[in-house]
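Next, two complexes with subunit A in common: one pairs it with subunit B, the other with subunit C.
After this line comes the complex of A and B, so read on.
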């Protein structure tokens, strides 16, 4: 029997600016794998991660530290980091203006979200294609002691107007350490 | 992807140590994944290094090549390449909890006696000033020895090394 279990799966089927997957982190698991496939957006944007507390509120304080190293088939990789910001920027790569073929895929691990005496950490690999392929590796620390129980995937605009997330699949797996 | 647990080490209070050895846990040629979870040390400035093991012996031959990116929330990521190392570094800058280090270390072909051993690392953690850092690394041990374990060591002696709550868990990946 596998130690890795599917916890939740969210299929995006209507246009939203962001969405929450609540109660995906519980006392049953310690480490979580998040696989995201084909998040399609209406405009060019970053796909970001924020955590959600047990009250269902998105935590948008400047308690996230992250770094992204990117490689691209284009001319310039957009490399960034921030020690006090309101989310893990580009944790899931980029959303491209939906053309039927532009898409993304990412594979991430989240450590200890439900432990109240530890920070929550994440690592991610994401690949996105538009005019160019962009591959990003992300790391992050959420520097608040306490439980987080869910995630929000949101977007920040790069170009175009009012991006929405129109489709895609998010699968979250749990791994118990013992 | 299915994960089958094959090894585990939890540091408990009063048993802090600078070295953890997961011995004879790799018994097939499947890919294996070692998770480091909630790993802390007793003072600032620790490194976390690893060496392959054959039974109870760590291999310290200087034939490990590594290529890695150091992600840092306070600086532009840096890229490095280091041939002929006698260990590989999972992270530096280790410190006290709650600034822990967490990592996913995938091991490819370690049990094989006819192919070189490869590995990849995805690590994340925070420093004492709350900067997030993480080594993203690929590596190769260019010898065909069959390895069945791994040695993890910190150079940080404060509090005895790895602190209580630090966990190291090895899984076999099966279809």
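After this line comes the complex of A and C, so read on.
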């Protein structure tokens, strides 16, 4: 197993509804770590993951299966899941307005994205701090054979007007098994 | 600069030789060397009831990784993995820590949650035992320690052979909801001393 190597870093500095990090997955590595810090949004929303294929297209079909278990400091816990949906929902937790002490952080791992003969899998844990601490632990499977070369991070509105992603840092690291 | 053996992981093509200018370029781009940078390692060498990381380089990293290995105390069924943080050199011991965690036991017969908005500490395990192999290992990612305008928070996952004795795991989120600069970490056992531990603190490289 190789050392963890920084492959790409993306800093969000303008408001977008989603953004793509292209060509972060290559034949050089088998496993990837995605560290997302303080990905702040204009309103409360979910932060989701989709993949980009080798043609450069975001895959938005219902080819994703995911499950996320959430814990809060309050009295509630939640489990979400879907076997045929258009992304890994809440893979990076929740986006919060970039004010005050609001913050977000997540640590995610993607397995075998560049191997065309196996599905791409992911695991993630994410924390978001607004009025309350929300923690989520996710698994995801992307049920398409073929090379995945990049990611899209998008948001899903929870209530109110359509949010934008305004700031944050995404760092992608690679590991080589052999 | 020659290197020995295969090195297939470089993000830039190379012919097997690194020139000084290439090293400088890779270093500047952040691609030279590993991306988990060891800040400090502390290994059991005698009876103590606490371990302190007091130079966590919070100015250099916004994400820290703390790895726990083979953690065990001398007393039975005690928390061996309590954490309190230093803010500007002052240890926060008040009931201000938040936790949102879930525990599972291998028997399948038990699961519970650890939830609080008024805890005096974080912890990353359940009651540890003092018999052979009743030890804990796990990790914790901590965010924004050096950012005095943000809360410091963390996610963690651990597994342990507890005092039951059964296999447990625990995962969840942790937060110190105070806008402050965190510059130190105290790990301590609730009762007695440590009989085993290895703690390693890393900074996650950023450009």
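One rule holds in what follows: the second predicted complex is superposed on the first by the 173 of 178 C-alpha atoms of A that agree within 3 Å, B and C clash if a C-alpha of one lies under 4 Å from a C-alpha of the other, contacts with A are read in each partner's own complex, and residues count from 1 in each chain.
In this section, a residue touches a chain if its C-beta (ideal position, glycine included) is under 8 Å from a C-beta of that chain, and two chains touch if they have at least 3 such contacts.
Because the structure is a prediction, the values reported are computed rather than measured.
With both complexes brought onto subunit A, simultaneous placement of subunit B and subunit C is prevented by a clash.
Contact with subunit B, but none with subunit C, is seen for A:115 once the two complexes are overlaid on the shared chain. Look at A:159: by the touch rule set out above, it reaches neither subunit B nor subunit C. In the superposition on chain A, A:3 contacts both subunit B and subunit C. When the two structures are aligned on the shared chain, A:169 is found in touch with subunit C, with no touch to subunit B. By the document's definition of touching, neither partner reaches A:14: not subunit B, not subunit C.
In the superposed model, A:75 lies in contact with subunit C only, and not with subunit B. Look at A:127: by the touch rule set out above, it reaches subunit C but stays clear of subunit B.
In the superposition on chain A, contact of A:135 is made with subunit C only, not with subunit B. When the shared chain is aligned, subunit C comes close enough to touch A:103, but subunit B does not. Within subunit A, the residues touched by subunit B in the first complex and by subunit C in the second are 2-4, 69, 125, 137.
The touching residues of subunit A, counted against subunit C in their complex, run 2-7, 9, 28-29, 35, 37-38, 69, 71-75, 77, 101, 103, 105-107, 125-127, 129, 132-135, 137, 169, 171, 173-174, 176.
Remark: subunit B residues 1-5, 8, 35, 37-38, 69, 71-77, 97-100, 102-104, 122-126, 130-134, 136, 167, 169, 171, 174 touch subunit A in the complex.
Listed in rising order, the residues of subunit C touching subunit A in the complex are 8-11, 30-31, 33-36, 62-63, 98-102, 113, 115-117, 141, 143-144, 149-151, 153-155, 157, 171-175, 177, 179, 204-207.
Those residues of subunit A that touch subunit B in the complex are listed here as 2-4, 30-31, 65-69, 79, 81-83, 109, 111-112, 115, 117-119, 121-123, 125, 137-141, 143, 145, 175, 177-178.
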